[in-house]
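The first chain written gets the first letter, and so on, giving A, B, C and D; residue counts start at 1 in each chain.
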């Protein structure tokens, strides 16, 4: 699903965000991306969404080589990806519902289904009562959950999330992780950048570790405390 | 991956559904006009001022030309006779003209008729005439000539022959000062076109900048739209529509204001201070195709403004 | 809390230090003008157009008035004699005028002098005169009258007495059609002031809106500045300065363009097509106090625009 | 230093962010504010900075009753507070240095000292090499650290920080906590909103717990793992 071949990303002479990064994520896999602040996690996710182009190397996502992707194909490519941005990127002048509705319009969801779908996905992040609020009227954690809801709407092939629990308390973080895990079980590939070591440990999936723009050892999958069956996830809190 | 429920539309190429998208266009464009209504008014105002300038000049020069036409008939050739030409001489000239096919459409203007016509159409010069003891106008024939005839080589020799007919004092293709009035009318048209043109460019430029600024305001939003996979057309539609609406409002406003000015001037013209310039400068309003053209010009300026700023913004962003 | 090192300035009331703050003002204002240079140009352009319109009308009406003055001298009272007045009659009138203190400043204009003067100053009407067989102008006395004298009651009876002096044909306080020319000049001034005024308001409005839009762009930034404790003056200084610069550029541009138009018109006037209107409409440029006033007007419009939008924005935000 | 007397904050009919909140923080104290997402933590901090006005109740900060604070006094009042915003609030069109320099201009620091001070405070958050970058060129964690640096510049009387480690990895979080503790030792009062339970536990200061806009039990100060003397803080990582 995601292939990085010797990718280097230079912003300018002084900041080299990624240095010869090679990694791979399979279809249907659930991968964590960790590393200290400034290691290059967000840069990798931005490269996958083709928000940035690599300085060197090749990136293949969902069978498409991003270097040869034409400008006109970009929208269609991006519609297959659900991304949770580190800074949320909600449209401030639209209500929560309008934010979701706009994405659904773009994705081609018939207008009559918008209300139903928006409610369902906001219900999952426990924000269904804030449908008509504007983003600046929400708390940091609430905005983050809206961003997650937007990424998950309409089941994308690939979900990439940048620090999706940075503004959430531990209980909510667990709930949110549960949502990602369920999306993964429904078939979405998930790539999740985070530095919540506790969460990584508990979820027990493959970890790609970055350090100053280089891929460190891919720590072997630790023995998961939680097995892969959905039933036991409930201990994380119910949706 | 097996058994995964895929709810993404089977044909992602279907893109945004027409209804949803066009509804979004109109809704967005109107909302932006409303949210930034005072700024939109600047764009609308600029277009209106440009078109109003253009329209005013067209109106005045049109009426001036028409006044000259009315006074001079449609003759382009004036055959002035001696002031004391005898009826026999006049008949001779008439015969000469009748014989020549290219001069056959003519009309006789007696000294009194000329004096009356002048007084009627150039009221403001009446005091000068009043100082005179006698009618200064000679009798004349006003001949309608096609411009094709007038341009032909034999025509010059024809005029030379006409000039020496008994009783003919002078032959002029338009009186010099009437020609000057015409020239003023033409200069007015050109000044109007130039001034209106400059202002129209300024208006398009203003709209472009107003829209560029709103694009700046919406820049983050536009980036977000791009990142969630919206097509450029989806993003730009509302902006183009916004420009269209602004241009249309500007054009309608200009025509409305011009009509207001026209009515106002006519009201002044019938007032006690009477006539001076207004009388023939504001006799008729612009014909409606010209009015429509003004509105269309506004719409074009609006669309052009949007288009320019959109083109620019797409060059700026890396996508 | 004991022993805590307090490095906050002892006098927080000292606020931003003058040097730092004013340097920041100028730097910020110039930077914004540069960053949004194309948008600034709209504001500058609008001001320039408004002032140019105003200036053009002032220029033309000023010159028109001056031409009328030059031709008519400064006489306000014309005593027309019979066209065939005898020298004795003329001497009689002269004596009458000399005797009355309020009419004592006069000048005799012979028939020939009147004709020449007219031809010199109203070249475009020469063809009409050429049609005449004889000089239509009567001899006259042009009398300088103070407006205070002219307004007094006995003056009317004095004029009545003058009117019946032997050889006097008519007494006019200004010729009717000269009065009309003056009226045209005045109408032009008023039209110019109104049009220029409307455009100037439009310009201030444009600037206000351009600055409002930049305020929108800087809104987040302005909020942040407020939250870290910046005073309103610190936040607004650059905006006012921006308006000032825009207005000044607009004013200078307008005067420059007007001078260009003036030189251009004069060049045309000396060209082969000679004289018609231009000759006396563009004889002198605006006096420099008027030019300065135009620039000052631009600056005022710019400052006013900034001020309006700043006042608005402070009303909007809760602080 | 901070006194909330029966403060209620209503945004509209549906969202009551704070409900009859009363709490107190002494001069020189170090207090944590916790609670799940949407509990009202940010609202309390915004009220302290007078970004918001309470619907009911009284707030006294640094001896000033915020309800009677005149508009003209607001700038001077705010200059005594160093705030780290949850969404950083950096001025995007200014470089990191200019951001700091602007605040110093406002605070009345002589221009010749700007460079030195900015370098020192960025050094503390390990970002001195990014002096001339613009905020959008920084990673999420880097922006957060700039926001912290800006709040700490020129030693404010009161430091309030909203989720200051939300985008930082555990090691950096510890470093940053150390900075706040040192500022506290120099005499600043510190109020810190966070949901990092681990960090609260390790720092061992008073905790004000919020739940749906109400102050829950003020959990008694837990036995600190780390004593209050500066020397042992070094185990958190060095500056």
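To be clear about the criterion, contacts are C-beta pairs under 8 Å (C-beta built on N, C-alpha and C of every residue); 3 or more make two chains touch, one makes a residue touch a chain.
If you're wondering where the values come from, they're calculated on a predicted model, not measured in any experiment.
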Subject >> Computed distance of Cα centres, chain D from chain A, in Å >> reply: 29
**OP:** Determine the centre-to-centre distance between chain C and chain D, using the mean Cα coordinates as centres, and give it in whole Å.
**Re:** 59
Subject >> Gap in Å, rounded to a whole number, between the CA centres of chain D and chain B >> reply: 66
Original post:
In chain C, which residues are in touch with two or more of the other chains?
Top reply: none
Original post:
Can you list the chain D residues in contact with two or more other chains?
Top reply: none
Original post:
Based on which chains are in contact, what kind of graph results: line, ring, star, complete or other?
Top reply: ring
Subject >> Pairwise chain contacts, counting only pairs that touch as defined >> reply: A-B, A-D, B-C, C-D
Subject >> Interfacial residue positions of chain A with respect to chain D in the complex >> reply: 11, 14-15, 34-38, 41-43, 86-87, 129, 133, 137-142, 144-145, 162-163, 166-172, 195, 197-198
Subject >> Contacting residues of chain C [partner chain D, same complex] >> reply: 1, 3-9, 12-17, 19-21, 23-24, 220-221, 223-232, 234, 318-319
Original post:
Along chain B, where are the residues that touch chain C in the complex?
Top reply: 36, 38-39, 41-42, 45-46, 49, 124-125, 127-128, 131-132, 136-138, 175-177, 180, 183-184, 199, 202, 205-206, 209-210, 212-214, 216-217, 276-277
Original post:
Can you list the chain D residues touching chain C in their complex?
Top reply: 27-28, 49-51, 53, 71, 74-81, 83, 85, 89-93, 102-103, 105-111, 150, 154-157, 186-188
